[in-house]
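In what follows, a structure is listed as structure tokens, so that the remarks can point back to it.
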Amino acid sequence: MKYIVLLIVLPLLFAFLSMLVKSHKDKLLYLGVIVNVGLLFFIEQGEYIIGGFSKPFGITLVLDQYSMVAVVLINVLFLFTIFSHYQSIQKYSTVLLTLLAGVNGLLLTGDLFNLFVFLEITSISAYILTTQSKKYYDTFHYIIIGSIGSGLYLLGVILLYGQFGNLNLSVIAQQLNHSSNVLLPLLLIFVGLAVETKLFPMNGWVKNVYKNANGLVGSIMASIIASTILFTFGRIINAVYIDTFFYNLIIIIAVLTLITGELAAFNGKTMKEILLYSSIGQGGLATLLMVTGFIFPAVLIITNNGISKLIMFSIADNLSKEDVQLDNLKGKFHNHKTLGIAFTVASFSLIGLPLFLGFYAKVNTIIGLFDVNLLLPAIILIITIVEGAYLMKLNILLWHPGNEGEAVMPYDEEKSTSYSMSMILAMCILSLVLFTAGILPEQYGDTILDKPLLNDTHTEYLIDMKGGM
Amino acid sequence: MINIAAVVLILLGLYSLLTTQHIIKMIVGLNVFEVGLNLFIITIGYRSNGIVPILTRTNNVQDFVDPLPQAIVLTSIVIGFGLTAVALVVAKKIHKTYGTYLINEIGGKVE
Amino acid sequence: MKNILALLLIAVLAFLTMTYVVDNNLIPEYGEARLDQTVSGAYVTQSVTEKNNDVSFGRSDNLETGSANAVTSIVLEYRAFDTLGEVTVLFIAALGVSLLLGSSENFAKRPKSGFILKVGSKIILPIVIIVGVYIITHGHLSPGGGFQGGAMIAAALLLMAISDPQFIPSIKQFKLLEGLSGTIFIILGLVGISVSGYFLSNYMDTGIIGTLTSAGIIPILYMFIGLKVGSELISIITDFLREEAECD
Amino acid sequence: MDLMNYLEIVASLLLIVFGVLIVMSKSIVKTIIYLSALSMIAALAYVLLKAPDVALTEVVIGSGLITFLFLFTYKRQKKVGDQE
């Protein structure tokens, strides 16, 4: 299909239409999401121009293999999120439509300023969604940090414009050479995106926002927005030449994010705390891979994390609306066996156990990083053990049969046990995806990624994007 | 000239954002930051012998200042307004919930 | 402690930015921007798709955009997709404001306005609205356009609300108008796909540069942007006026 | 050094002065008014930088509507009357 722009424009059209037919807002949301997923069957790779002006003059949408995977993943995850949490949508359906347009724009656009506009659309939608928890101070914190981030991003973009005279990412990437001094603009762009990527010094907002989020907002923030920003980040980082200082700086920050995130998750006292810190850690890992140029493992990690976090956040919210201490959740899964299995599959895949997608991702990561040096794979292996420890602990706790003599928690004592069929269905399908992708990775790789398992570099991976390193 | 003032405004806005205790003043700081940023963007495209980029009977397109930064700033100002409106409403809600705009007082009440 | 940290951070940023801004050959120095080194060189001569050397007011016809105002031709033609995003941002902001402030029908009791305000606003009001409409319709010829004109009309309404305590804008119609003009904007863009194959392309005759009917689709798009921005701003303002009542 | 250069210097100085005033000021209402003034001067700077479109936008939105939103948000605090 030639008109990739429809992926962005149709959700917007439905959003504007929902102002006219207020009573059918939610139907418009479902329609918009389904139409978008339907469009995915017709998309073809290529570079598409808007308004008839070729780059660098006009705005282009880039659909290469990388953004193809990203768009498919994000739109499908969006569909699953919407259908498994349709009760909590309420009056937020229009915001969700603009969010969908925003994330698609972020993934597709090849223009740096256009990316800023979509970043703002996505983040303002996210701000409004997070107010659903009524913890306004946390939202405010998020707004302030997010605005500083996007402001710094814009400053970086305009400095690049001053230097290169255009705003198109791939054109700027072609003009770069090893002597170009782009440290400050890149640093500003990096800091700007690091807010949403949840990298080390900029992730103070994450804790409060995620902790109070309900299933819908939690899945959207942890799965959809997080993956989108990581994909966007990867595109920019790989398109432009990175000088050694900057490169090492990001690697250090990413490793610090990974370590602090996973250690905090290990010390987490509640379920959502564990999940949110684990999201931070996975974000660090994906950033590390992006910077070192291992796009394919990074895509796998993001995919794995996106699907797993969607399952885990949804189920965590389903178990207890309030974010209670872990001990109160003992043996919960005996009442929801299906959801329990889905959760366990997701957490196994997140750890990287064989039979699941995560294994494939982790193996690719570690084999790839051996080429860089020995320290990074060692860190990742240790972190994987930490990750395994706390996720196993969580699983054992949730499947705990109860001590002898002590009855297993009575069945319908909790009012939070309400869950819908569509949610169970969505969770089962997603965990099945993790499983099949894990046992048939070549199949998965051939059909979706069309790429050999190992040793790919970004230059051959992102079409038309030449970078140094 | 104005570009240096713009950078100073960006820094002042950031400083005000990072140090103040008052939520409204944080949003004011954000606005100062945005004004500085927008001014800076315009100065990137300024030519001291340039003219306003609007064609009339008596001028020539070759003398225009760079119009692209101006288009960018138009977008940026409107986006900044939207952001400010949302931030202010959230501030209002904070005041309604906690009865104060001061961060250190809210910090005690959140826990 | 926090202040010192902030100062340190800002000092670092100041150093980095100032070294970049002052005296280097990375970005053009202040007042030294050069159009021929940027994409704007092609924007002002309107020669992105085909080379076009001569643009003269009132004579050149069938140019790419046909808009005498170069900023307008960028905003609505070369980078029109950004503009769509921009109205969307305002749209979400208005939506978020009304979601957060609830839908109380009570309005704040505004203080009675003085004689001068009352009479003065009655005189100024029509002028402001006419200027707003003028700015919207002449967006391709003179400074201004949909955003500025729409904001001006919204400001006129704000003036009315201040001068007349009884005045309550009906927000429902503005919401409808907002959705309608957004929908029309997108449909106008989608028509471009069927006519010329590109979203938001200028598929109408661009006419002779400098005349009111020039620039093809641009004045039409700007009209709907004006309506949309105006109604969005009005709904934000009304929401702010309304919430006042809740806390009394 | 012609008139425009002097105007540019004056505008730059005024921008910095109002920026400092905003940071230093203790009263919130004053801060908001200074912000409005800062926007006004920024609009002047836009005119000097040959950007009338932006100046118009800044006057209407930055100096007009944003000030209104700020004042209407802040006015509530005075009504509740338990601050500072």
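Letters A, B, C and D mark the chains in the order given here, with residues in each chain numbered from 1 onward.
Throughout what follows, contacts are C-beta pairs under 8 Å (C-beta built on N, C-alpha and C of every residue); 3 or more make two chains touch, one makes a residue touch a chain.
These figures come from a predicted structure and were not determined experimentally.
> With contacts counted as defined, which of the two, C-D or B-D, has more C-beta pairs across the interface?
Pair with the higher count of C-beta contacts: B-D.
> How many angstrom lie between the CA centroids of chain A and chain D, rounded to a whole number?
Comparing mean C-alpha positions, chain D is 39 Å from chain A.
> Counting in whole Å, what is the centre-to-centre distance of chain C and chain D, each centre being its mean C-alpha position?
Here chain C and chain D have centroids separated by 20 Å.
> At what distance in angstrom does the C-alpha mean of chain D lie from that of chain B?
Here chain B and chain D have centroids separated by 10 Å.
> How many angstrom lie between the CA centroids of chain B and chain C, rounded to a whole number?
The computed centroid separation for chain B versus chain C comes out at 16 Å.
> Tell me, which residues of chain B touch at least two other chains?
1-2, 4, 10, 14-15, 43-44, 46, 50, 52-54, 65, 68, 70, 74-75, 78-79, 81-83, 85-86, 88-93
> Spell out, as numbers or ranges, the residues of chain C touching 2 or more other chains.
17, 27-28, 38-40, 43, 69, 71, 79, 82, 85-86, 89, 92-93, 96, 100, 143, 147, 236, 240, 247
> Of all the residues in chain D, which ones touch at least 2 other chains?
Only 51-53, 57, 61, 65, 69, 73, 76, 80 qualify.
> Got a list of which chains touch which?
Pairs of chains that touch one another: A-B, A-C, B-C, B-D, C-D.
> Can you list the residues on chain C that touch chain A in the complex?
Those residues of chain C that touch chain A are 16-17, 20, 26-28, 37-40, 42-43, 48-49, 77-82, 84-86, 88-89, 91-93, 95-96, 99-100, 175-176, 178-180, 182-183, 185-187, 189-190, 192-193, 196-202.
> So in the complex, which bits of chain A are touching chain B?
113, 117, 120, 124, 127-128, 131, 134-137, 139-140, 143-144, 147-148, 151, 154-155, 158, 161-162
> Please give the residue numbers of chain B that touch chain D in the complex, ascending.
Where chain B meets chain D, its residues are 1-2, 4-6, 8-9, 12-13, 15-16, 22, 24-25, 27-29, 31-32, 35-36, 38-39, 42-43, 46, 50-54, 65, 70, 73-74, 77-78, 80-81, 84-85, 88-89, 91-92, 95, 99-102.
> Which chain C residues qualify as touching chain B in the complex?
Per the stated touch rule, the residues are 2-3, 5-7, 9-10, 13-14, 17-18, 21-22, 27-28, 30-35, 38-40, 43-45, 55, 57-58, 68-71, 73-75, 79, 82-83, 85-86, 89-90, 92-94, 96-97, 100-101, 141-143, 147, 209-210, 229, 236, 239-240, 243, 247.
> In the complex formed with chain B, which residues of chain D make contact?
5, 8-9, 11-13, 15-16, 19-20, 22-23, 28, 31-32, 35, 38-39, 42, 45-46, 48-54, 57-58, 61-62, 65-66, 69-70, 73-74, 76-77, 80, 82-83
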